[in-house]
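Letters are used for the chains, namely A, B and C, taken in the order the chains are written, and counting of residues starts over at 1 for each.
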Amino acid sequence: MSVKEAEVLEHGTSLAHPAHEEILGEQFETLEQQNNAYLIGMWAFIVQEVLFLGAIFAAYGIYRLKYLHEFTLAHKELDWVVGGINTLVLLASSYTMARAVRAAMQNKHGRQILYLGFTLFFAGIFMFNKYIEYSKKYEHHLIPGWGYDAHAIVEHGEKKKILEPLPDGNYKIKLETEKTVTPEEFKQRTQLFLGFYFILTGLHGLHVLVGMIAIGVLMVRAYIDYKKRKPVADYMPVEMVGLYWHFVDIVWIFIYPLLYLIGR
Amino acid sequence: MATQTIAHGEQQRVNYLNWKTTVASWLFTYDHKRIGILYLVSITIFFLLGGIAAALIRMELATPKGDLLTSDVYNKMFTIHGVLMIFFFLVPSIPAVFGNFVLPMMIGARDVAFPRLNLLSWYFFMVGALLATIALVKGGIDTGWTFYTPYSSSFAKGEVSLAIVGVFLAGFSSIFTGINFLVTIHKMRAPGMTWFRLPLFVWAMYATSLIQVLGTPVVAITLLLVAVERSLRIGIFDPNLGGDPILYQHLFWFYSHPAVYIMILPGMGVISEVISAFSKKRVFGYHFVAFASLAIAIIGFLVWGHHMFSTGQSIYASILFSFLTFLVAIPSAIKTFNWMATIWKGRVHWEAPMIYALGFMGLFVIGGLTGLYLAAMATNVHLTDTYFIVAHFHYVMVGGAIMAYLAALHFWWPKMTGRMYPQSWAKLSALLVFVGFNLTFFPQFILGYMGMPRRYHSYPEEWAALNLLSSAGASVLGIGYLLPAIYLVWSLKYGRVVTERNPWGARGLEWELVDTPPDPHNFERTPIVTRPAYDYGHPEEPTGIIPKPRPVVVGGKDG
Amino acid sequence: MWNIPFVPPTASQEAVGISWLYWVITALSVFFGGIVLFGAIFLAVKYRAGNQNVDRSNATDSDLRLELSWTLIPLILAIAIFGWAAKLYGDIYAPREGGYYEVFVVGKQWMWHCQHPNGVRENNELTLPAGQLIKATIISQDVIHAFSIPAFRVKRDAVPGRYNAMYFTPTVPGEYHLFCTEYCGTKHSEMIGKVRVLPPDEFEKWLQSGGAGAAAAPMSLEEQGKQLFTKLACNTCHMNPNSAVKAPDLNGLYGHEVKLADGRTVKADDAYIRESILNPGAKIVAGYQNQMPPYQGQIKEEEIIALIAYIKSLAQAGGGN
């Protein structure tokens, strides 16, 4: 038996502060243990998310190499300005989220609610922009499986002189190298790109939405804690949502260049 | 409510079974033990449904002509059998039932790290199972459990997407369980429970959880992409739409090969526990067995291409995958030899769980060795997609995993229920399962070597005799599986009452320090572990001790 | 009734090697499986709790030498089997330069469609000469199938959109099973047929007679391809010195390296020609414009096979540079 074991045996296992008890789950011994458990759990969840989304990124990469010409034209349908604004908005939201976590650690409820509110606001702007983007795609008939039609891409390509309709009805795409495709192939492959676009941004948007709900819950909790003048900082939930939120941002940091910028 | 009077007239202690008995107290429980029981009941139902499908398959194959079922119904039957048995029985079997029930007790914890997430996992599982069952019953699907594209995405009729959503949800149930156990093993170990004092079941569960967290998301999203391709006609996997069907196989097997280890690793953990407990001897080569689990989990992620030797993937890729597949066989061999060495110079008690464990060793060794034929590229080409494959993975996943599951069920049954089942019936059914299993599946190796393709509804005349033998064996096997269901349920009411903590005289916190049936919080106080696992050499000193009451009482919170 | 087969016929050169490998692994498995199975039971009986008359002294629970030996011995054996099996695998699948008789196989729900170079077609049957190296080029028109001949111990998936090839040498004349082994839908188990191996002279006779019993197609694959070449108007640009459009010369193309516009070099094989017909823009020959219309969706797999055969014949004619 080690010294430490003997010590624990003598004094019992838990030295939890009574005030901590309120926020300590009954399966845990100490707050430190609980916090570490939450952290490891969240990181494991994020690793899981990386593999979940990573598989789509991998498939997207393979098809981008295979259908570079068609994808490049389809890339140009995405609005890099709105995407860029959304990048900045999300980065700002990450900053305010970090401030909210700090406020929670210092048990400053008012400040915590304020920064969470900012984060929610930025997330709202992001979703609004997303809505604008999606509705434009709808106007241009660019939603896969929903009356999808590549006309808009063809017209824009012609205007930019990188796509040339041939007399036989096929399209010639002129990048560094040239490629001729039938309209049917062109439709299929640009639709594949937009499919990836909607799957990736859709899943990302879903994550943002879940985050927004969580932030809303945190605000209510902070308000209740404020009313109760809770003495101990119960910051773990905020920290968890913060981790999640930063992860969601980082996913966007991959989506933006790989979908919006790479084809410009 | 807190105390009950039982037939013997003595007052019964409060335990996790009787402290609340309403239906709601079960459906909204956070108690890992009760959640384990919930899984036990639900997966038993799916095992039964999948078993009925298997019975119909074997009845059809008893004669060479496709005369009992139409080919369409036959195809739906093997799909039902595969989907239910793999996603809704084998994947959750030992991890979700016994991982939940004993893992926290083994490491001296009151519960898993995230009890609410644990309950949520069960609901994900049940909703997923419900959707899949609806899909399988309502018209059925005929893709096989592998959902190979472009058949599943562009050709198959029926509710494929609904089944996929069901499997997707079950996948997330598995991911959440994995996360929960990873954190539990990392952070919930009692004082003194160092990594190398952990029982080997916990090591196996750790390796399993890693696979669940790293592999399952990939198959979840892949199946979702199939559903997207089906509904929106985006060409991800169908070459007619511009996609690549082989990409699907890569993504699918990236999970589904490691998934085999999700099914067998926990079984190996159980066997380590049982063999040690009934040989009254520490598991031989503890460190080798523990690290073998991790090695299997890690190398297991690098071998998926051996499912694709004949698809036209690059020869160099095949060579690499073949080599790694031979490597992953070594840790399993290490474990098997170590179990043998554990028995050597032990005091072997031939109780029912031990017989199941010995049965596991026999069947798993055959399953593992026949894996060599499939790791070897040239024989793989001949044997892949034949009944040899069917026999091989049934030896591993049914002979191995289910035998281990039954060993676990018989081992921990008295702890779970406070009742003992009739030993002689249990031994008889172990024997029936072993014999029936070999009668069913050994002929399939021979059929496979002769070239009988899997998923065939009819077959050439010359294979009739061996197929008939296999079908006959399946009926013996069926009885072997039904018997435990009967006598275990019987024992709930009429079995001998077990009140002692440690009916088997085993080592381990769940036997030495936890009451039978366990207290709602497992331990009266967090135990302190003072000795390594399986310390049978020192019978006078227990594995752990319950400390004295604390100087500062933090207040007794009851659940 | 007692005439139950337990092994498949061994009817190709490859089958001999693979059977040997199979039985060697079996011998090793019986040996190691026997040790574990009977060893465990023997030990469990010998050291049963009731038996007080056994020596239980010095019962250790770890031994590095033992651990290493049951790690390393299986490892060495495994690596040996791996190497042997990889060699045999290469014999079946590694591309070869020539000296083979080529057949084309197209799988579709639910039948096999086989074509000989001289144009003889067979459905769910394949007739082959004994003692001749065969190359089977396999593709599917719809879902994934697998072309399996157990008596030869060979199998190859038929994947839509790509050519897969395998090589084998039938040795024993006779009739053997042909199966589809990749699940392909409702009538998967009816996608079966026969492989017939004939002595070389009989095969020649069979082939010249237009394949007795087979769907007779008097025209060879080359000729069919040549006809298609005109029908599809390939000849307005290719092989036409007076063409306004400059198109690559197809004489002597097959089997040679082609320099591409983007600087890469590829070998003009079946897959390249198939791709260039279906999607000409994918790999453009250096010095040429991309002017050819893609034929994706406008031409059947069988027709592509005929065109490839024709282009191949242009290379063997030795014309061009």
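Heads up, the rule we're going with is that a residue touches a chain if its C-beta (ideal position, glycine included) is under 8 Å from a C-beta of that chain, and two chains touch if they have at least 3 such contacts.
No experiment lies behind these values; they were computed from the predicted model shown.
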item	value
Identifier of the chain whose CA centre is least distant from the whole-structure CA centre	B
Chain pair, A-C or B-C, that carries the greater number of C-beta contacts	B-C
Intercentroid distance (Cα basis), chain C paired with chain B, Å	37
Inter-centroid spacing, chain C versus chain A (mean Cα positions, whole Å)	45
Numbers and ranges of chain C residues touching at least 2 other chains	none
Residue list for chain B, restricted to those that touch at least two other chains	244
Residue numbers of chain A (touch at least two other chains)	185
Chain B contact footprint on chain A (complex, rising order)	1-2, 4-5, 8-9, 11-16, 18, 21, 25-29, 33, 36-37, 40-41, 44-45, 47-49, 51-56, 59, 62-63, 66-67, 144-146, 185, 188-189, 191-192, 195, 199
Chain C residues touching chain B - in the complex, by the definition given at the top	1, 4-8, 17-18, 21-22, 25, 28-29, 32-33, 36-37, 39-41, 43-45, 47-49, 54-56, 58-63, 66-67, 70-71, 74-75, 78-79, 81-82, 84-94, 109, 142-144, 146, 148, 150-151, 153-157, 159-162, 164, 177, 179-190
Residues of chain B that touch chain C when the two form their complex	66, 71-72, 75, 142, 144, 146, 148, 150-151, 154-156, 239-240, 244-246, 279-288, 309-312, 315, 318-319, 322-323, 326-327, 329-330, 333-334, 336-350, 354, 358, 361-362, 365-366, 369-370, 372-373, 375-382, 384-386, 446, 449-451, 453-460, 462, 465-466
In the complex, chain A residues that touch chain C	69, 166, 168, 170, 172-173, 176-182, 184-185
Chain C residues touching chain A - in the complex, by the definition given at the top	261-262, 279-282, 284, 289-294, 296-297
